[in-house]
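Chains here go by letter, A, B and C, matching the order in which they are written, and residues are numbered from 1 within each.
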Amino acid sequence: MSIPDKATSLALLREMMVIRDFEETADKLSLRGKVSGGMHNSSGQEAVAVGVLSALDKFDVIASTHRSHHHTLAKGFTPREIMAELFTRATGISGGRGASMHLGDVERGHFGGNGIVGAGVGIAMGAALGIQQKGDKKVSVGFVGDGGMNTGRTWEAINMAVIWKLPLIVIVDNNQYAVETFVGRVTGGGDLAKRAEGFGMKAFNIDGMDVLEVRKYTSEARARALAGEGPTFINALTYRYYGHNVGEKGQYRTLEEIEQWRTTKDPIDRFIKVVLDAGYASQAEVDELRASVRAEIEDAVAFADSSPEPDVSTIYDDVDSGMLGVQL
Amino acid sequence: MTTTTTTTTAKVQNPSYSEAFQSGVREEMTRNPGIFILGTDLIERGGHFAQVKGIAQEFGHERVKDSPISEAAMVAAGVGAAMYGCHPIVDLNFIDFAFGAMDEILNQAAKIRFMFNGKVPLVIRATSGVALGGAHHCNSLEALFASTPGLSVAVPSTPMDVKGLIKTALRAEDPVIFLMHKKLSGIRGEIAGENYFVPFGKAKSVREGKDAAIISYGYSIVTAQKAAQALEAEGISVEIIDLRTLFPLDEEAINNAVKKYGRVVVLDEAPVFGSITAEIAATATERNFSSLKGPIVRVGGVRAPISANPAMADAAIPTVASIMTAVKKVMSY
Amino acid sequence: MEEIFVPALGMAMDNVVLLEWLKQPGDQVNAGDIIAVIETDKTTLELTSETSGVLGKHKYAVEDEVPAGDTLCVVLAPGEVEA
């Protein structure tokens, strides 16, 4: 696979490092009670987020899942505003109303993380319909986990995208476990891309631990969507290193399995090797990059910690527009 | 036997309830290219109540999108497109079909503005109310929607209000549940021109009275008027207030009725337990207890699914007789 | 220095109860040793040290309610002293 230029490659690497550091830092803070309602750690899944988002335009739309920090960071939101949201502070991207599970800003093309499995694909499909109705040259990406592969509405949305040739890319951020349920145990037919093909969708099973592979397939899907060729389904096989939620100590998979994925398939380690082999950076420069990421995340924590709480009296703001009672 | 459908071109009568909806939608679609309709069976029959008949032919299939029977995806399509900047009308035909999209309505559409710095200008239109058709097509879900923060609910009872309310809904930034009663589909009446808008949260007095008030909405307004006429013959003069929207709810009109008469009946078809009538009675009692001459009486549906048998279906909802009994009860205080 | 603390878990856990201390101040601690046992609204949890060292002061007593996120004690590395 061809390697992007030096600046792009280092940006991909740095973004994956940002996600990993952000998640591991936030996880610890969550255990200390800093994150209201807890959080879902995406460590291990960096290549899916960075591969997809780096292949999109900043004006493309995404809708995400309950595990959305990595998508949101890769979309270009800063660690500061996301950490502040996790701390439910006024400076967070949802003003403290969403926390970990409900990160979003419609005006910036992020149609929301989602507490409900499968909901994001439907909303992304709707955004794709909006793009088509307006004749815009954009795409919409709906992230869904493997758990969302067995909820009916995901396939309702996929069918609709196919029949209307919507500019939608469905990304299965397939970390293989829906909480404690292994995808292979609950997925009839087994092959997710084949399932999507059955709906008439262009579909691929890919290596979700390889940022360049994810980027390539997303880029091609985007080009097809912009050419009016309709939606694409990408099942990106990946792995989450931590529990479903912070503090989970599950017995549903072995420590050996986790260790094996971490040591042989880690998306950051693999891509560091690519960068080193290409001569884009020395080991010392990679270490410097990591140190700069560390500083950025520490700064994000300090920012979040020192940010004001939202004013409770704003609780009624933006429940609705208040317009409907007004004589036009 | 065979039947033949004929099309009349000459309009000798006032428009029907469904035609009033068409009229409002047509005007707004002409004005705003971002409005489109999405639903099932909208092209040829124009929806199961002919509510959008002719619009696909006039505006094209891109603006009246023929959908598969996928309620969750239909509403999700509307939500996402609304967030993107369109103003979709998702037509569910029957409100009972909303059960297949309840997360999209209650958990997604209703909450996006609050959390995600975005707007959801979306109309979900459906026919509701108790009629023939049995348990699966006769649910009264309005209290569920009206009690969900972020949603507004319109329940017009006349062609005039249908048009005025849908036009307002299509100028708003919020998700609106637009409920049209089955038994009103064919009623006829005047409609206003393109600059007439009915604001949400403004009830309308549809009958003057001297002794008591009936507060209601939808098809129950028709039943209430029959009861009021019969009561008039017995010397009891009843005002009828048509709420027109359930959220926003016109609390001022309700309070004024309580203060004016002290004798109030609240009426609808939904099972009374946890209903809009419960909400109105509780709120009015809290706010204006001292104005009441006695308890507010609620008249509503029984706690049973709606039967297909016509007599059993009638027995499940208020009748002229049960409304008269309720009014006489408040008059006895 | 490693802090042994009550982890904040779940959506509705306010306080937990300290059930038992398995190490006393000044005790030698090895990585993997259970330091304390707490009871949450769902389960009992054993809190384990990840490092070796000497146990510092107990900041709570058995049967105390402890807010989620609070530190119960520290494990001091060689040369470290407790603040």
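Following the convention adopted for this analysis, a residue touches a chain if its C-beta (ideal position, glycine included) is under 8 Å from a C-beta of that chain, and two chains touch if they have at least 3 such contacts.
Quantities reported herein were computed from a predicted structural model and do not represent experimental measurements.
J.: Can you identify the chain nearest the overall CA centroid, using each chain's own CA centroid?
T.: Centre-most chain by C-alpha means: A.
J.: Of all the other chains, whose mean CA position lies farthest from chain B?
T.: C
J.: Averaged over CA atoms, how far is the centre of chain A from the centre of chain C? Could you give it in whole Å?
T.: From the centre of chain A to the centre of chain C is 35 Å.
J.: In whole angstrom, how far does the Cα centroid of chain A sit from the Cα centroid of chain B?
T.: Once rounded, the distance between the two centres reads 40 Å.
J.: Just the number, please: Cα centre separation of chain B and chain C in whole Å.
T.: The answer is 59 Å.
J.: What residues on chain A touch chain C, complex-wise?
T.: 30-35, 37-38, 245-247
J.: Could you pull out which chain A residues touch chain B in their complex?
T.: 61, 63, 94, 97-98, 102, 104-107, 110-112, 114-116, 119, 121-131, 133-134, 140, 152-153, 156-157, 159-160, 163-164, 318-321, 323-328
J.: In the complex, go through chain B and note every residue touching chain A.
T.: It is residues 34, 36, 62, 65, 67-68, 70-86, 103-104, 107-108, 112-119, 149-152, 168-169, 171-174, 176, 197, 199-202, 245, 248 of chain B that touch chain A.
J.: Inside the complex, what are the residues of chain C that reach chain A?
T.: 5, 7-11, 67-69
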